[in-house]
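Following this message is one structure expressed as structure tokens.
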């Protein structure tokens, strides 16, 4: 979900959150307020398509590695990520098309579709799961936003949202808490809880700078709560929004092509 | 002389009651009787007079309802099972109407096993058994089994078995009932000889006139009571 | 004296004696043979269960079984294996990894099992369970052997290609193309569904694991036998730093089924014995009651109740002793014959499963001390129990009743 959102430029495109169904649990006023704010974010950051180059730095108990990737997205359900470095994995590509995820493996020149059993596996050895890459669109259908805090925190004006899944939604998370700056609507932090309400991972944003004509966070770090020494960090090197991308870019055939 | 008049069996006020259906029947009532060493005595009377019951009680095969039976001065009611077994083994010889030999044993073995039971050594057993078998006229038939010899011969084996242990008394229940007249006479001759020559005490229960004729003492029972006690 | 008497009685009633002895002896022989067949089946099930894949015991790093992790490896596995070999065991190192296998448009999660062919063949017999194609070869590093359901899921057969994608130990992408060299017979749910066997050297390169192994599988060199606990202790002393599990812990479901079967075999044997016991009881009852008059006369002539009881007991014990000789003399050779030749069931079935374990269609008996001691012991026990009632009856009977009992 968010990973891709973010990774593929996207914090923004993605924060075009819910406009869908409403549950009555949080107060109607807070939901209405949340939707208003999210609408504002959407207006500010909407981009129909994106092109980015970023590096991904993964640190685990057992290894540490850095990759450079290039990514494209169009709409909410089309995205493509290709590895530029290291050389060993260059050309390896992930394509998201609708709810399906495909991988192209240059060494064996094969394209495979990931099955549902693989979705919770690690994406490219990072702390993101494959599921994170395809989950985006479901987010809007499955969760209801509500403003839980507005005001000063650590000397900053912030807004805190809680995203709660609908009772019958088949989702991975039990709750997501998202904090943004009240003035700029830039993201600060997202905290993910499992279905038992236990904190599972934390995503933090930093290094706000102007990219694609506006201020945005250039660094995003995911830390698993049970392994605080591990993390995956994505650092944007280049970001363009509203670029002209053909639909054919997001086809299985184009996976093999070098750019 | 004192040996001859020593009391072997004493019955004191013996009553034996059977329950037949719901009626109590006194097979023997208030009977007093003494049998001494060397006697050749017969109990007689019609069927149901109680003569077999008396014989069984003396042989410790049956117990009186009241009264005391003593054998050589020992009160049977005071003896335990193994003492009763030992008494029957050592002091009493039985001769039955239907012989009651052990069918799988030879004539020799039938006479021998009571001695074996007493713990007599094999060599001694052999000597005694051969002597007795010769005495009862079975020489040469030692290795026959009961079904290989005549009724009279079987009864001779039974007599040999009864006397081989030198019992205080031999109890013979209708010993001649299953044999022909000549055989009966021969058996009686044998027993009379044993009584006269060896001093074996015999107590018969019979209604055979030939036995009664030979007895030295005849005790008549009727309805479980002593009717007469005659020395002949 | 009683002994002499007992022998003579038996000899004089020899027809009945022989029939009784023959009946008991034959029943006993059948019991031995039956026990040996059951033991053989249990043994074969156990042996097949453990020789298929699990081995008799396994070593892992603490908690590997609960949470299998690429990084929980046994260091210096070959020196441990050398140590085990000197102590009379065969042992084999294994590595495991989870990955995605894909062929055409189909894909499925697999459990890669990396084995050292030379070592593995001494420990397990999985190489004998190839349904199509053949087992791994050291000379063909890109060949794999897979489970039958996995082959169906992927829609592949021998000679086809399959792609593996996973994550190597250094976080890099592990992907490679393999040839399917063999497809396994049904060996067990997990292997059927996800088994993916490859050479250990191939796996090390793919997964970037130059050293160590996840598992060491152990079998005693002298084959499987009954002293598992002793051997567990022996291995535990040799390698105290690792977690040691016996096959009973590794295959708890099968161990439980086999235990239950063991118990049900005992029950079946007992039921058969009760039936045999009835026959013996009948023979003993008839033998005593036919002679009740004889016993009465013996009592009248001075046998004590205890002597009568002892005599009858002695007669039955002599008969059982002779019957035991027949039991042993017939039962053991019969069982030994079928332990070598087996009962050929191949015309009825090409192989059958018992407790979830595939069995050879040649059903072989197995003679154990237990399969002889139990039938003979029970023969004695039952004959003794069967004769106690008539013996007591004869011992306490009134001689006067017995004499008049025609």
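When the chains are written out, they are named A, B and C in that same order, and each has its own residue count from 1.
We adopt the following convention: a contact is a pair of C-beta atoms (placed from the backbone, for glycine too) under 8 Å apart; a residue touches a chain by one contact, two chains touch by 3 or more.
Since we're looking at a predicted model, the values are computed, not measured.
A.B. asks: Starting at chain A, how many touch steps does it take at minimum to reach chain B?
C.D. replies: 2
A.B. asks: Can you tell me which chain lies farthest from chain B, using the average of the Cα atoms as each chain's centre?
C.D. replies: A
A.B. asks: Find the geometric centre of each of chain A and chain B from their Cα atoms only, then give the gap between the two centres in Å, rounded to an integer.
C.D. replies: About 119 Å separates the centre of chain A from that of chain B.
A.B. asks: Determine the centre-to-centre distance between chain B and chain C, using the mean Cα coordinates as centres, and give it in whole Å.
C.D. replies: Centres of chain B and chain C (C-alpha means) sit 68 Å apart.
A.B. asks: Whole-Å distance, chain A centre to chain C centre, using C-alpha means?
C.D. replies: The separation of the two C-alpha centroids amounts to 57 Å.
A.B. asks: Would you pick out the residues of chain C that each touch at least 2 other chains?
C.D. replies: In chain C, no residue touches at least two other chains, as defined above.
A.B. asks: How about chain B: which of its residues touch chain C in the complex?
C.D. replies: Where chain B meets chain C, its residues are 56, 59, 61-62, 81-82, 85-86, 88-90, 94, 96, 100-105, 109, 113-114, 116-119, 161.
A.B. asks: Quick check: in the complex, which residue numbers of chain C touch chain B?
C.D. replies: Checking each residue of chain C against chain B gives 1, 4-5, 8-9, 12-13, 293-294, 297-307, 398-400, 403.
A.B. asks: Which chain A residues qualify as touching chain C in the complex?
C.D. replies: Checking each residue of chain A against chain C gives 58, 60-65, 86, 88-89, 92, 103, 105, 107-108, 110, 112-115, 117-118, 121-122, 124-125.
A.B. asks: Can you list the residues on chain C that touch chain A in the complex?
C.D. replies: Touch list, chain C to chain A: 71, 100, 102, 105, 107-109, 163, 165, 167, 169-173, 175-177.
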